[in-house]
Each structure stands twice: as C-alpha cells, then as structure tokens.
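Two complexes come next, and they have one chain in common, subunit A, joined by subunit B in the first and subunit C in the second.
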Partner chain A sequence: MAETIENSHSDEKPKPRVRPIVRFGIFLVSHSFLVSIVCFTSGVLALFLLPVLAKNTYISENALMPGSASPMLSNQHVSDGNRLVKDLTNSNLKSSETGIESHKIIAQYMLDVGAEVSFHKFHPQMNQFHPLHFFSSPDSGKIQENYSCSSYGINTVGIIRAPRGDGKEAIVLVTPYNALTSSFGEVLSLGIAYSVFSLLTQVTWLAKDIIWLVADSQFGEYAAVSAWLREYQTPKFSSMSALNAEMCPDINNLFEIEVHSMAGSKFSNSFRRAGTMTAALVLKVRDQSEQFDDTISIYAEASNGQMPNLDLINVVNYLAVHRQGLRVNVEKLWSFLNLGWLKSLGEIFESLANIAKSLNPKFKFGIPATEYVEGTAILASSLYYQALGVPTGPHGAFRDYQVDAITLEISPKFSLDKVWRNDIILRGGRLIEGVIRSVNNLLEKFHQSFFLYLLTSPSKFVSVGVYMIAFALLIAPLPMVAASLYVDSNSSSNCSKGDSSTPSAITDTDEHGITIRSWRWLNSAKLVFIVHLWGAIVSVLPYFICQIPDCSPTTSFMIWVLLSILSLLILNSVLASPFACVKASQEKEWALVKSVTISSVFIGLGLMSVINFATAEIGALLMVPMCLLARPLKLDVRAGTFRSCCRIICNLVLGHIAFPPAAFFLLKGMLDGFGSANVGGFWMWVESLWAWNSATYLFIVKATYLSWMSKADARYQRNIFNIHSKKG
Partner chain B sequence: METFNNSKPVLVLLLLPCLLLYSLISFNSSSVEAAMHTNNWAVLVCTSRFWFNYRHMANTLSLYRTVKRLGIPDERIILMLADDMACNTRNKYPAQVFNNENHRLNLYGDNVEVDYRGYEVTVENFLRVLTGRHETAVPRSKRLLSDEGSHILLYMTGHGGDEFLKFQDSEELQSHDLADAVKQMKEKHRFKELLIMVDTCQAATLFNQLQSPGVLAIGSSMKGENSYSHHLDSDVGVSVVDRFTYYTLAFFERLNIYDNASLSSLFSSYNPSWLMSTAYYRKDLYKRNLEEVPVTNFFGSVMETIHTDAAYKALSRRNSGRFEAQMSLDSVHHAERRTLMKVNDQEETHDVNPEGNKQPLQGEEGASKCPWSTFCNKFRKGENVDSLVNYGLVTMIPLLVIPTWLVR
Partner chain C sequence: MEKLKKKIRSFSFWNWVIASIIFRLILIYFPKNLNLCSRPEVSTPLTSFRRLAEGYWLKQSSMSPYAGSMYHGSPLLLSLLGPLTVKRIEGQPNHLLYSLVSVIADVVSAMLIRATGQNLQVAYFGTLKSLDLVKQIELSEVHSSGDVAALIYLCNPFTIVACVGLSTSPIENMAVILCLYGACSRLVPLAAFGWVIATHLSLYPAILIIPVHLSFVLAICDLLLGYGPDAPPRKLFLQRHQQKGLSSQSKLPPGFSWGSIIHFAFWALLWSVYVLVLCGISLKQFGGLWEMFKSTYGFILTVEDLSPNVGVLWYFFAEVFEFFRNFFLIVFHVNILFMILPLAIRLHHRPCYLAFVYVAICSMLKSYPSVGDSALYLGLLGWFVNELSDMQFSLFLFCGYVGVSLLSPVMHNLWIWRGTGNANFYFATAMVYACLQIVLVVEGVSAMLNHDRKLRSLILDKPRDAKS
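For the complex of A and B:
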C-alpha cells in the first residue's frame, strides 16, 4: 500500500508545476554571467545618466512662500551693521590680547537693540573615537577636569523673543567669529547678521524666536557650535559653571564687567534658551575670492551623508537668484571639469537627446554638454562628501539634533571698499531676512520636500527614487552570482560523489551525505566570519593607537599596519587552522567561499545604502567588480589561457585599487597630483573620519578586509594546495 | 336612461379621487409658492486654516462687509472663520485684515461678529447650521433661524477639488453632503431661495448633486480648473484675495442698497480672462428669470413694503416670529411645532394675499371657514389617517344615497 502511494508520488514528480517567477529566477541564475555584466554596465551607465535625469527643484511646502514679502531691511539697518564692523575692526587694532573686548562690543550692540544676551563659555571637546558610538546621538559631554583656564571659548548669544509668538520655536543664525585672528570676512559676516538682527527686533511679524549665535571659532567653527548645541539640547544640572568660574577668575571678571557696565537687565549670566529650532543658517563671508560675480556658496552635507531638507536649499536659492541677484554655487570637484572623456560623454548624451527630440518633439531630456560636465562635477562632489560622512561646515552640528541647517558663504566680487561694503551688507542681509521670514511662515518642521537627494546644480536634484535604480542595478548581480556559484558547487560535488561511490553505497549514505553537504557552506561562512572579525579588530585598533602619546601620523600608520598583520597571523593560526583539515576539492571550496562572501557583501551594501547611500554607491562601484572577478590566482595560473591571464591582471589591479589606502592615493594623485600624497596623509584622513564618528570609516575598513578577501582566498587556497601536494 | 342613471354613481366615484388628488397638489404648490420673501440670511464660511490661506479669510470678511453694507443685519449673518489671521503672529498688522494691498479698508474693524471661529468650523457644525439640528445649548446667535420666507446666501471659500471642499486641513465636505443638507433644509422649510456661491478650485463640481428646487449655485471654476488668487500683498507677504471674490466685490462696490442690478448682470460680469477660470452657475433648479431677480435678493435685505389697511394685520407675522423662537428652543416636540408653524403660515399667507399675489387658489385659501378647506387642512396635516378615511367614508355615504335615490 505504501509502495503504491510512493509510486504515485514518483509518477507525479516528473512534471512539477514551476511558477513563472521561479522559472525566471532559475533562468537568471543560470545565465548569471551575462546578466551580471549587463546589470553592472547599465548600473554604471545609469550613474552617469543621473545629471541628465535630474529634475528642477521646486518649493514643496506651501507655507514657505519665499519672496512674497518685500524686504524691509533698509539703509539704516545697514549703517547699524557698518557701525559694528567699524567698532570691531578698531577694537582689534587696539587690543588683540584676548577676544573678550570684541565679545563685549557684540553683546553691547545686541543689548542696544533690545535683545536678550548671554555668554556661553565652553571647553572645546576633543573628538574622541568611540568604536561603538557610530550611530548613537551625541552625548551631553563629559566634564573634563584637566582643562586649563586659558583654553575656553566664549559664544555670544542674542535672542529676540517674538513679540506675539508662543516662544515654542526658534530660528538660529550663526556667525563664526574668531576674536583673536578676526579676518575681515568674519567681521563683515557679523555686520550682515547684526543688520538683520537690528531689523528683526523691530518687526511685528515674528512667530518664532530668533537666536543669533556668535560662535567663537578659535577651536574650530564646528566645536563651538556643537558645544553650544549640546548645552542647549541637553541641559546639565550640575554646578559645573560655578566650579569653572571659580577656577578661572578672568571669565568671572568678564561677566562681572558685563553685568556692571550694561544697563539693560536683559543680560543674563545663565544659559538662555528659546524654543525648538526650526532651521539654522550659518553665515560666512569669504575673505578673498576670484569670482567675477557676487556668489553665494551653499554647503549642506552633514555627518554621515545626511542632508537638510531640500526646501531650505530651495528657499535660499530662490531668494538669492531671483531677489538679490546673487549667483549660487554648490561645491563641485573642479578637476572633473577638465576631464575630456566626461565632456565627450556629455556630447554623446546631448546628441542622443537631439536625435530623440527629432523623432518626437515631446522628448526633452537632453542637457548641453557643458552643463552635463558641471552637473557631473557637482554630483561627484555631492556623492563624495556624503560618502565621506564629514560635515562640510558648522551646520553639521545641527543635523545631529535633526535641525535643518546650511552654511551660506558669500564671496564678494572685489575688494571691500565702503560703498561696495554697504551693498554686500544690504544684499546679504536681505537674503537672510527673506530666508528667515520664509521659515518664520512655517507651521511645522521641514517635512514636505526631500531629505534624500543629490544635487547636480543649485536648482536641480536627483531624488532617491532615481538614484536608487543605479545602485540596484549595480548590486543586482551579487545574489544571482552567489546563487549560481552555490548551485554549481553543490551539483559538481553531487556528480563527483555519484561517480566515485558505488550504487549500493548511495542508498545508505545518501540522506546523511545530503545533510552534510547542505551544511557545508557553514565552513565557508566561518572563514568569511573570521576575515570579518579581523576587519573589525583592525577597525578598532586606531582607538588604542591614538592612546599612545606623541605619535606622528606616519609612525601611527605603521603601527596600525603592523598590528593588523599581526592580528591576521594570530587569527589564522588560532582559528583558520581547522580548515586545513577539510578534504574537499579546491574548486568547490573556493566557489562556496566566494558565494558566501558575495552574499555577505550584498547584505552589507544593501544595509549601507539605507544608512548612507553615497558610501554604498561608491563601495558598490569598487567592490562589485572585485567580488565578481575574484578567483584563486593558483587556478588561473594553472589554466594559463588568455582569459584567465586577463582575469588575473584584473583581479590584482582591482584588489589593489580597492584597498582603501591605494584608492586614497590614487584619488589624491588624480585630483591634486601625486606629490602631496603620503602615508601620513592617509592616517590623517582616517583620523578625521573617525573623529567625526563617520560610518564611512567602518565601511572603509570593511572594504579593506573585503578587498583582501579575494587575496586571502587565494592564499588560503594555495595553502591547501601545498598541504595536498605534500600529502600527495 | 336606465343605463345613464346607473353609470352616474360610478362616474362620481371615479371623479372623487381625482378631485382629492387635485386639491392635494394645488395645496402643496400653494404652500411653496405662498411663502413670501420675508427675510434674508447669509452663511459665510472660510474653511481653511494657516497663515498662507490669509486670502480665504479676507474673501469671507469682504463678503461679510458687503452683505452687511447692503442691509443684512449682523444677527442674520452666520460667519464661520476657520482661522484667526488678524491675530496671527505672522501678521504684520496685528488685528487687521486687508483684502487689497492699498490697505485702505480694514476688514476686521470694530463690529465683526464671528459666530464660529477656529476649530469650531467643522463639517459637522456647518451641516448643523444649515439643517438647524443643534445641541440645546447652542445660542440663538449661532443658529440659522431662517424660515420658508428666507432668502439665504451661502458663501464658501477654501481649498476644494472634484466634488469636495476641504475643511480645516483635516476633513472635507462632499457634494453629496451639501446636497443632502440643502434637501433637508428644503424639507424643513428653512428657505425660499438659496444662492450657493463657492470660490474654490473646481467649485462647479460641488453643485453636481443638488436637486432641491429654489437653489441657485455659482462657482468660481469648472471641473479641472483652478481658482487663483488675485494679487499678493508684498507688505503682509501673502496673497490677500481670490480672483472670483475680488471681481464679485468689485461688482458690489458700485452698488448701493437701492440699486436694482440683476443676478444675471452679476453673473455676466465674470470675465474668464480676468478670473483665469470659468465661473459656472447652475440655474436649472431655480425657476425665476435671473434678469428679474435683483442681487439684493440675496446679497442684501430689501423687503417689499406691504401696505395694509389695518394696523393689526401685521401682528400675525410677529406671531410667526414668536413661533419660530419656540421652534428653535424646543427641538423635542417636532411635530407639534410643525403644526403650529403651519397654522401660522396659513394665516400669514392669508394676510399677505390681499396685496395681490398670483395665487390661483387664493379664493379657496381665503375662505378658510369653509368645511372643504378644513378638510384640506386636516388632510395636509396628515395627523391621523383614520380620520381621513372616516371623512372619506362619510362623504361617500351621501354620494351613495343620492344616486340610489335618483335611480329609484
């Protein structure tokens, strides 16, 4: 009875119903080589098409209404600003011992127009590398005891309360200012900010409080702003300030002087707060510029490739271009502008678009070649800075608290004489006023427009929906190749087993064998895990290295390399040795290792694309070809055909290029010339990365071990070969 | 002869229901037509919140000012404003609202009575106002106390779409809701004529479901069209008025309370190139000729003076007012109130008729002492079907007796 049932089952088996999607999957897997080539090339092509596919920006939030109100900043406010500029430059000439004098002047000015003023003193917090703090929010800051009194900064904060507002929201205006080495640009930015500030104390339309932060930038702009923000967002209820004041009499002095000299009761010793921050603008004026126009540069990238809401950039761009007649710049990689092949690529796209247009006049997607090149340069810099994860200015500190912020850098046209100075204060001030008035109209946080985008010009952007396609195409081959490799290795082992074992043995060991074989990938996974572990160790090492005092970048880099190799050896001897006992044919084994590696890379890239798209994109560009081409050198050498030779060369080149230090040098060399590149430079770069808690750092180190993976595979295979040959 | 005589009762019996039917119809029509235009109401609704919708409030306030100027008193205007622009912190001119950048006219002056403000302006409250189904605690000033002699202007502005109008950025009024509310009003004799004026995008679609007679509707734009703002006040920083409303106001600014401009002249004053949309009006439910209807019929309160011989004839109308009040206060005894009102109505029409209305049934109505009309009264009230049947049977008896007597 049972047999008949089995028979009937076996009768049904020959024609199983395979669903179309499964069949399609099988088809893709079986043709993975072709598919992966097609996908990868189209992915790269799609990346280069992004500037063409970029859309024009538009203001998505109705409430913003930029430019609907005429600016109210008049010449009187400009002369106010000018007065501050003059006073500050005079005070700098007089006494340059400390910045206290100029801070007092600024505070006095703020008080004069009726704002609340307070000083915020801070100790610059050294950026500490915490291996596990990559994605955690900034903590409230530990109190370091051993600061000397000399190393503190003073932020001057002025707050205008909205006369009829509810005081729940605030807009922040930041001007970095180093009182010790105050450049004229900084002073001028203070002048602009002050002219706006003096206007805003008079207007009746404020719905949000205005905070003007004069950030003491002697320890860096970012440090000052982030220290103030930390204090603002995470209040400490300790007696630290009192303690500090006791320790440092001169700070105390300053405050007392202020309290006595300033008649207004609006000065306060304690830390002052306004409402939740809606947006923040960092205003800078560049000292010299080679521009022929008055331009304004927008810096938007914050840590880990986060961007402020696109609406904020749109508002600034709209007001600058259409109201104040300023030219708007976004960062670009200048070296891209001179690339010949890029230009010709742009021309190809342009001519293609023209052909399409001639076929159907409705197709309008072409852009001129020069615009294409410029768009690519901006896109590349956008990708680069997002991938790096290092904020491009003090605005990055705001993004850590989910506040939309950008840095505006005004580059004036020519030398700063009187008339012209008034003009730049007027225009800059009106721009700031317009942005503030627009943001003031907001009812909610910025939420309407995009957060995930890449700029290709100040008024064009590529949204997440478009650029994800390029990325998806890039990494699409990975799961297919992994699957096909896995299937291949399994089937080949089946065949070999079938050949070698006698038919009688099959019935006995078949099921057992299948279970063993189906779990064999665990060995490979273990190997991959070990390499990952090594990568993790390598990534944590700098934390300990930087504890060593008095190390030049070069030596610390050397220590890092040495320690890394050492750890690899240790790991290999401790954990990897069991693999030597595995007696399996090498071809199958490497295929399995490769398949597991590729799937782990796929998962890693997929996750990374969610966290930081740009990093994942660049990582995918480097790693996907490497993963697909990787193959034990020994096998290729043995094969000796032309194809395998090519593959060897490709592997070696890719393996070296994708190794981060190598990639760094190559990029640096390409962009700046090879002279400036050295080993220490890489260390500095890496240091800057982990200083910013950049997730990219993790990723790069991961890339390191992944790039070594193929070689590790090869080496490992060679070991096995050696063992086998000895045995043989 | 015999046969003729025999057929007589049958003929009479056949005629009887016809007669009954006729009286019924004539009576109903008389009840609609009979009510004379006695008062004017306006319901002005601004449905959208937020500072950037300043213009919607300005629209509504301008209309408020206009209808007030043209004679509708404050207690007959229900003003619903979904937000308070005058006191918005972003307003450069606190406590003032302008509908023009020349700032010559402050719409938010001393005597603006806002009945529903802010979050009170909801679809529910709007429908309650229209249909008169209020909670008992709602004061009289917040109720639309119209009767069947009322001409009502319903003005709405905000953001709309295909067959809906957005309220408060969170809910919407659909054309079905509006039509249903209007139908309820009609059933409850809450208006004689109703002019619905809507200034939103695709405003015309909001009228699609209307089916009650006596309703005239005009919208700022057709389906698929947007309604645009007229101009931006760069001082305040927002658009201050919508095009449709702007040109409506421009039309009314030329008028005073005694002008006789007709509705059709208003409707034809909308120039699509100025509006940047096509004003659409629906008049298939409205029987009167638009050329003959002065705009003050809706936008103002101009009553025809009724000359009566006796000083006390008008008393009954005052009575009607009292009954109205009763009606709104006790919403429980619905049926009872209705009868009261009806009786009263009849008296009113009786009073009015001498002035020469074109009522075909005037005489019949006037002879209110006649048993026929009492019968009709009873019948219309429909108080109890049994009595009706009894009456019918009683009238049958003599009819039966007479032919049998004739035949014999």
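For the complex of A and C:
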C-alpha cells in the first residue's frame, strides 16, 4: 500500500529541474568531507602566504603632504629642550620626595613660551569589567568611590591656541613622565617634546590647537592618559570635583601655593580643553639600547585589536625613513626568526616565485626568504597583539574615543655626550614636527586609508580584503558540514522509519506529514542554547568573584571552577535536563546537535571576525578542526576500527588543547618552561584580559564552552546508552 | 491519560508565561534599560519613547506636539501614555509605569494570540473531520498551535527587546492582534475597532482589511458548511462531495456576501469617526486633524527621517537623487499594494495566513521598521505550526535570524562608536535581514500550498485505497 502511494506520488510530481547554482551547492554539500579538507588546508596555506601578498603602503590622503615643507626646528629650540632636560635632572637630584617640583618646572617652561597651562589631578581608576561594555558608548563618568587622598597623580597639560584655527580641532602630544623615578629616557622625551612645543608657539601655519600632555605615569602610563581623556571627553556638571577637592585639603593647598608662585596669567586651575582631537602621538625614549642605529619603534594596537588609520603610520614611517634617516621597527615575535621550517617555507615560496618569473617576467610576487621570515614574525606579533585585545601602550586610550594614536619609542644609540643628545633631540623633534605639520593639513578626520589591516613590515601591510580570504577559506567548511549533517540526519531518519517493523502506521504519518519533521532540530538547538547560556554565566562569574576581598589568584580560580560546575548543574535541573529528555529512537540525534553547534560556531566566528579579526583567525585555527572532528566517543569506541581510533585520539587531544586553561599552560610551558605555570597564573591572565574589557575574553569563554560541547556530545551519547541499557 | 497530558502541557505553558514576565521585569530593573531605548533596531522615529515624552512635554507647554518634527505618533497615545512618561515612583526605575504598560500589552496580545490559535485549531480539526481525515490526526503528534504561538510571541527576544526598550510597538502589535482576534471569533465590532486603531497608529495594517473581510465571508460559509476561518480551498470540498456522489453544488454558498462587508464597513466607519473626533478634540488648538495627518501619515509615506534602522529605505533615500525621490517613493509603496491582490487570490481560503503574509511583507517594506514588527509576524507564524511542519530551510532561517540580530549591533558599533566601519556595514545587515524575511515568506507560502496539495492527494487517494 505504501509503495503504491509512493508510486503515485512520483508519477504526479515530475522531478523539478534544478538550477546550476543549486546543483553546485548540492555537490559541495555531498562532498563536504573532501571540500572541508581542501578549504581548511588552503585557508592555513593562505595565512602563510599573507607576507607574500602584502602590499607596499602608500599615503592615501592627499592633504597630508608629508615632508613637503622643510623642517623649521632649529638649534635654538634644541637648546631650549636641553635646558629643560638639565633643569629636570638637577631638580631630581635635589629633591625627589614628591614629583610636584618637576611638574612645576615643566609648567613654568610651558608658561614661558606662552602656552596655557593647567594641572589635571586624577585618581588612578581600577579597570572594571562590564559585561555589556562593548555595545555601549565609551564610558561616561562613572560614580566614583571614595579615594584616599594619598594616591593621586598630576598631569600637566599645555595648550597652544592655533593662530589660524577656530579652536575646534586639536592634535595631542603625550609624554609619559614619572616624576618620582624619572629616568633619563623620560626626561629626554620631555626635552624633545618641549623643543617642538616651543617651536609651535612661534609658527604661523598652525591651524589646529596643540595639546601637550605630560602624563604622570606613576600609576601606569595608560591610567594617566585614560583618566585625562575621560575628563576631557565627558565634562562633569555635577559637584563631584568640588566634593573631591573638599575631601583632600592638603592637595588643594599645594595647588594654591603653586598658583601664587606662578606669575603667569595663563595658568588656570580648572580643566582646559581644546577642540576635538584629530590625532595623538605618544613619545617615549627608551633608556637602554644596544642597537647600532637610531631606531624608532611604532606601537599601534589598541584595545580589542583596533588599529589607528594606516595613514598615520605611513606618515611617521615616511618622515622617519626618508627625512630623518631613522630606522623604523614594528614589534615582532623574535622566536619566529629562528624557526627552520619557516625559513624553508620562505625558500619554497621564493623558488616558486622565481619559476613563475621565468615563465612570465610580468609575475613579480616573490620576496626573499629572509624577508619572508621577518614578515611572518611581524605578522604573527601583529596578530597576537590584536587578538589579545590589550593595548600596547597609552595610545590605546585614544582609540576608545575614535582618535587615531600611535606610540613612538625612540631607542637611540646610547652615549651620554652632549652632541649626541642634541642630535637626537633635533631629529626626534623634526620627526614630530613633520608629523604634526602633516596632520595639521588635514581637513577631515582620518578616513581615507585602512583601519583594518595587518602589518608585515613598517612599509608593508595586508589589507582586510586579502586576509579575509584566508579566514573565509578557513571557516567555509563549517556551513557545508552543518548542511550535510542536517540533510543526512533528516533523510536517514526517514529511511529508518520506513524500514521499521510496522510500516503501515508509520508510513502513514510520514505520508501526510503532520509530524514536526523539519523542526526536529529544535531539540538540539535547545541543548546548544543551554550550553551557551552556561558559557555566558561562566563568563560573567569573575565579575562577582572579584568583589570578594582578599583572594589569592589560586583560590579565586578554584571558586570560579566550582561555581561554574554548580551553575551547570542548576541549569541542567531547571531547564528540563536536556541530556535526559531524549527519546530512545533518536540515536542519530548527535548529528543534529553537531550540525546546530557547527552553525552556531560559524555565526560566532563570523561575528568575531568583524569585531576582532585576529581573535577570530586564531580561534578558527583551533576550533574548526575540533568542530569538524567532534564525534561521540561511544560510537567510535563501538566501531573499533583504526580510523575511528585515530579520530578518538584527535578528538581528545584537540578537545584538551583548545580548552583555554590547557592551551594557556601549553603556551606558557613552551615559552618559560613548565615550572612557572600554575593555576593562579591563568587567573591572573584572565583577569588582565577582562580588565581591558576585551572581547577576546568573551571569546575565550566561548571557546571554553565549545570544547565542553564536544565533551557534552560524548556525555550525551553516554546518557542515551544508559537509557538503552536500562530498557534492555 | 490524555487529560493529564493536557494538564501538564498547560501547566508548563503558564510556567513559561510567568517566566517571560519575570524576565522582562528583571530587565526593566537594569540601569538605564540597557540603553535599549536608544538602539535604532528597537525604537524608530514612530515608536521611540523619547519622542513620545518630548511630544507630551510640548503639549503640556501648550505647543503643538508635532512642532519641530519630533513626535510622529497618534495624539491619542499622547493622552493615554504621555502622563506615564513623566510620572515617577521614588526608588524605582524611571519609566516603571510605562514599562509595566508594555508588559501588560505583551501579555494581553499573547492571550489574544492563544485564543485565536485555539479557534483556528478547532476549525482545522473540523475541516479534517469533514474531509474524513481524522485518522491521521490521531496518529500524528499535533501541537496546540495557540499555546505555541503565544509562547513564541512572549519568549521571542525581539518582543522582549521591544518591550523593555520602551517602544510603542507592543501597543501597535496589540491593536493588530485584536483585529485578527475579532475577525477569527466573528466579533465584527471588535475586529473593526482593532483595524481602525491599528491603522490609526501605524497606517500599514490598513491592508489587513482584505483578510478580515475574507474571514467574515468564510465565516458565513462556515455557518452553512461547518468549516472554519482557515481551511483548505473550497474546491477540495467540492471534490470530496462529488466523490461521495452528492450533488452538493446547491449547498455551497455564493463566494461573496455583501451583508458582512456592509456590517464591517458600518462599524469601521463608526470607530474611525469616533477616533477622528477624539483626535480632533485633543488637537483643536494645534492645527487640527490636517496637521496630524501631515506629520503622521505624511511622515510615514514620504520617509523624511533617514536615520538608520533595520529597514532598507533609509539608505536608499539617502543615496537617491532628489528629483527621483518622488518616483521611488511611489515605487516602494506601490510595491506593497502590488502584492496584495495576487496573494489574496492565491490564499483567499486561508485569511489568517494571508494576514500573516501581509504583516510580514509590511514589516519588510515599511518605511520605519523595527524588531517589534518582526516579533508580531513571528508570533503569528506559530498559529500554523501544524501546517508548516514541512517548511524548508527552517534551520537556515533560524540561524540567519540569530546571526543578523547579533551582527546588527556589532556593525552599528563599528560604524558609530569605533569609526572603523561605515554605513555600508550596517546597511549590509539590513539587507540580509530583508532577504531572510523574503525567504521566510516565500518558504512559508509554498509550505502552506504544499500542505493543501497534500490534503488533496490524501482525499483523492482514499477511494483508491478502499478499492484495493
């Protein structure tokens, strides 16, 4: 009977003509195993090809015109800077109990050249983790708790009003300076900044205000800059500042004295502002250096893998290399330079390029092997710092307010004689002057060049269009495998129903189709949702744990683990126990669970690639093989073939490696030796991550529950098996 | 046994309802409502709470609430909800009263959806019975579509977000649902009231007049033949009767009855006059009704506000040349009208489903769509859970909706706060969202037609089975 019905059906409905694109899709899905292997390997390969594909940087914004004017910084200004350096070192030798004295000197110097000066008093603010911080605006003034009057920092701010400007735009120059332990490098960076500053008070071309921020770095450079920026961007209309001032009378007195002692009329005790910031430069001078050359290092990574506009780096790079003769460095992972296989890979690429060139001289994409290795090292560090989401310097604070900023660290060829010092002040000052002059020409904010890029050398970059291809290849298997699993599980369930012992009844239900067949995935979606919910809870937990006072990292980590397990149990019992409510007939359910998991991972990785590409890339490298290989242990054990054994081993190894604490230990072990790794270390690391509101942190937790997912798969199967055995 | 099962099911239904209400209340107590009311996905110029408060403030200071192009809603909402925007309870969140009103509106809508769904289900069973397909019902697992739809509506994150985000869309949705409820339970005055209010609040539900009429027309048939608001096409019944050897032609009513239409038109007229009079009274000194029409319907139709939302029109009209603007305005609005007639012809036997399709199309082509509109049609989709059990791409659609609703805030963040993205990023998600809605509608309609075909084939096969 059933057959006749089926026959009549097939008679009635001629097979619909399938469009080529649909046929192609079906082909991909049906060969998903092969396709996913090909895609994944080509994705990894494309990642290693990126240094070869990198393009030379170019200055995209015409208005910048770097180096078109000859530098105006003369020896006069250099000697000004030198004077400040000398005074500061003398005052440090004399009295070093408070930093107030040196700040006074700096303020006096600023006043002397005719700038507006103000002090900004701040309390270092602990970084607080806000689960929803990412989607909200940069944080407006939070209600601040009581501070002890003893710990505060003073930023000295000098502002030059532009003679040609309307005061609506500004360029910021930041020099971190710790008055208590003032090192020579910091003092020298102040000298360079001051020489530029004194020049800029005299020039006529200035169209944007210049703000020179001497950031008090005794609580860390980032804290000082971010405190100043918070104050700058979110004007307080409440009486909070007044209240603060009342609480700490001694500081106030100090300021009073200063105001009286300084005769300048341009000094003000209130917070001074200029216009919106176009760009910011952080200037540092490294204390020790073993380089042969005067080099300058550029640090650009801000929080969550954000980068400043490439044009800013281009301008600095161009001026430093072509005008001042400095060598430009960007950070690289040094350990990559000695890797043998990387070198041979580079040689392979080089020889391939040579062959291509011999075939057609127009093909010019090869780069020498050494350059390849260096490019890879820089790319790796670029990926690493972007993925970590922790800013590499005080410039990170600016990016939160959409201001493009970089840190320039000058590491001079070290010697103490005066000629050398003059030289470094002159060259550094001219570099800064050139950059400021370029930025001064801007009519709009930086928008022409790239925001999403990876550097492979100071003058080479990989743009978003190129590296996204590698990423897309990497995650392309996910939707395909998900689709094929979904299709398989649907069709196989139908077949099994048809084959079962009571055909008449079941085919009947199947026939008129009032079963919820196409919605069967809802059950597995529920399971996945619960696991994700658990992951979200686990990720919010540290926020509450850190409220507990006096916890060593180890104990708080233990609390975290315990609470996570507890929350899983509670969720499990409250939300109708996803592991238990499975019918015996649905042994193929794991395929659906895997399909839903993979699609959720795909969505997650896609999202992450938009938020923070580097994290997504690294996450994809770890998670995609895990997702594709995940398979219930029980089934493999039962199968007992060699292939399934291999798969079990792969699964277990991957599942454990990708579990973040395990990954952390492995990395740490590789870097510092296994002795130093401990549980508390992981807590510290996680704490440092969430302190920066890092999306990476959320991502890592996501990875956590993903790796749990594969285990959950296994456990889930075990449960089903138990049910079976009980029934049997 | 059966009763026990039902009891368990209803028990868990009420559990879920309570859980969703508690969840809403928890979210309301979050500080600043999680900034939801400033999100472009939640509050459009028409439904924004801040604009409502502004309009109320303007009216209180005896200015026209429509001054300065801030408020674009109904004057009735101002008088009803306006006082709640300023009233505060000490120690409680700022807009607690208003939030409570939207929570209540959500719950009422869910209950109305449930009642309508149960109506539809009874009708569905009645149809199957009259077609002698009862055996199949008993064999298969049938979900109580009313409960499912109500739960989908209540637990949908879109609904929750629209409710907590203080937009007025819960109230607009309630009006639409009231209209459909009235139509399905044959309460002409209620249906007319819902239709008039829904049209007054957001204009687009005006096209629901067709499904409402159809349902009344079919309701007349129902009295004669015993099948309900949503049923397979009438041809089926004819065939069935012919097979039985009955000459049932005489029993079938004429397809169209003027009586019910006139009845509905009378009530609709009455209610609309009533609403207009009320509006006229409240706007007497501020330019009268003309001013209201200009800044509500006119604002909707001319797409004046181009601030980003989840729709596609803002981007298009920001890009289009000024002298083409009128042309494209007409094109986009006629787009909705074009689809009305073919769909009405194809789906005339299922007025409720037709209403769902219309609501979905409107929320796609609306000038200021928000997630609250999607919440409405996704809830209505639950009514047809039995019919649509074979819908294709369900997992794909689900993942798409999840992906888009996560991607949209991220893209907005990239564009507005980080400055690394641009408007195209955000608009891309809006386009994906529109595509998803199109796929949903297309797949839904084809699944429904397939269902009808399946019923027909079952009926045609029956006699053959009996012979063999």
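The definition used in the following text is that the second predicted complex is superposed on the first by the 686 of 728 C-alpha atoms of A that agree within 3 Å, B and C clash if a C-alpha of one lies under 4 Å from a C-alpha of the other, contacts with A are read in each partner's own complex, and residues count from 1 in each chain.
Here is the rule we use: contacts are C-beta pairs under 8 Å (C-beta built on N, C-alpha and C of every residue); 3 or more make two chains touch, one makes a residue touch a chain.
Note that the structure is predicted; figures quoted are calculated from it, not measured.
Look at A:Y486: by the touch rule set out above, it reaches subunit C but stays clear of subunit B. Look at A:I611: by the touch rule set out above, it reaches subunit C but stays clear of subunit B. In the superposition on chain A, contact is made by A:W521 with subunit C only, not with subunit B. When the two complexes are overlaid, the chain among subunit B and subunit C that reaches more residues of subunit A is C. Contact with subunit C, but none with subunit B, is seen for A:Q306 once the two complexes are overlaid on the shared chain.
Contacts of A:S68 after superposition: subunit B is touched, whereas subunit C is not reached.
Contact residues on subunit A toward subunit C in their complex (touch as defined above): 1, 4-5, 8-9, 12, 132, 134-138, 306, 402, 451-452, 486, 505, 508-509, 511-519, 521, 525, 595-596, 599-600, 602-603, 606-607, 610-611.
Against subunit B, in their complex, subunit A makes its touches with residues 62-63, 65, 68-70, 162-166, 203-207, 437, 440-441, 443. Considering their complex, residues 34-35, 133, 135-137, 139-143, 385-386, 389-392, 394-395, 398-399, 402-403, 406-407, 409-411, 413-414, 417-420, 425, 451, 454-455, 457-458, 461, 464-465, 468 of subunit C touch subunit A. Note for the complex: subunit B touches subunit A at residues 50-52, 87-94, 232, 234-239.
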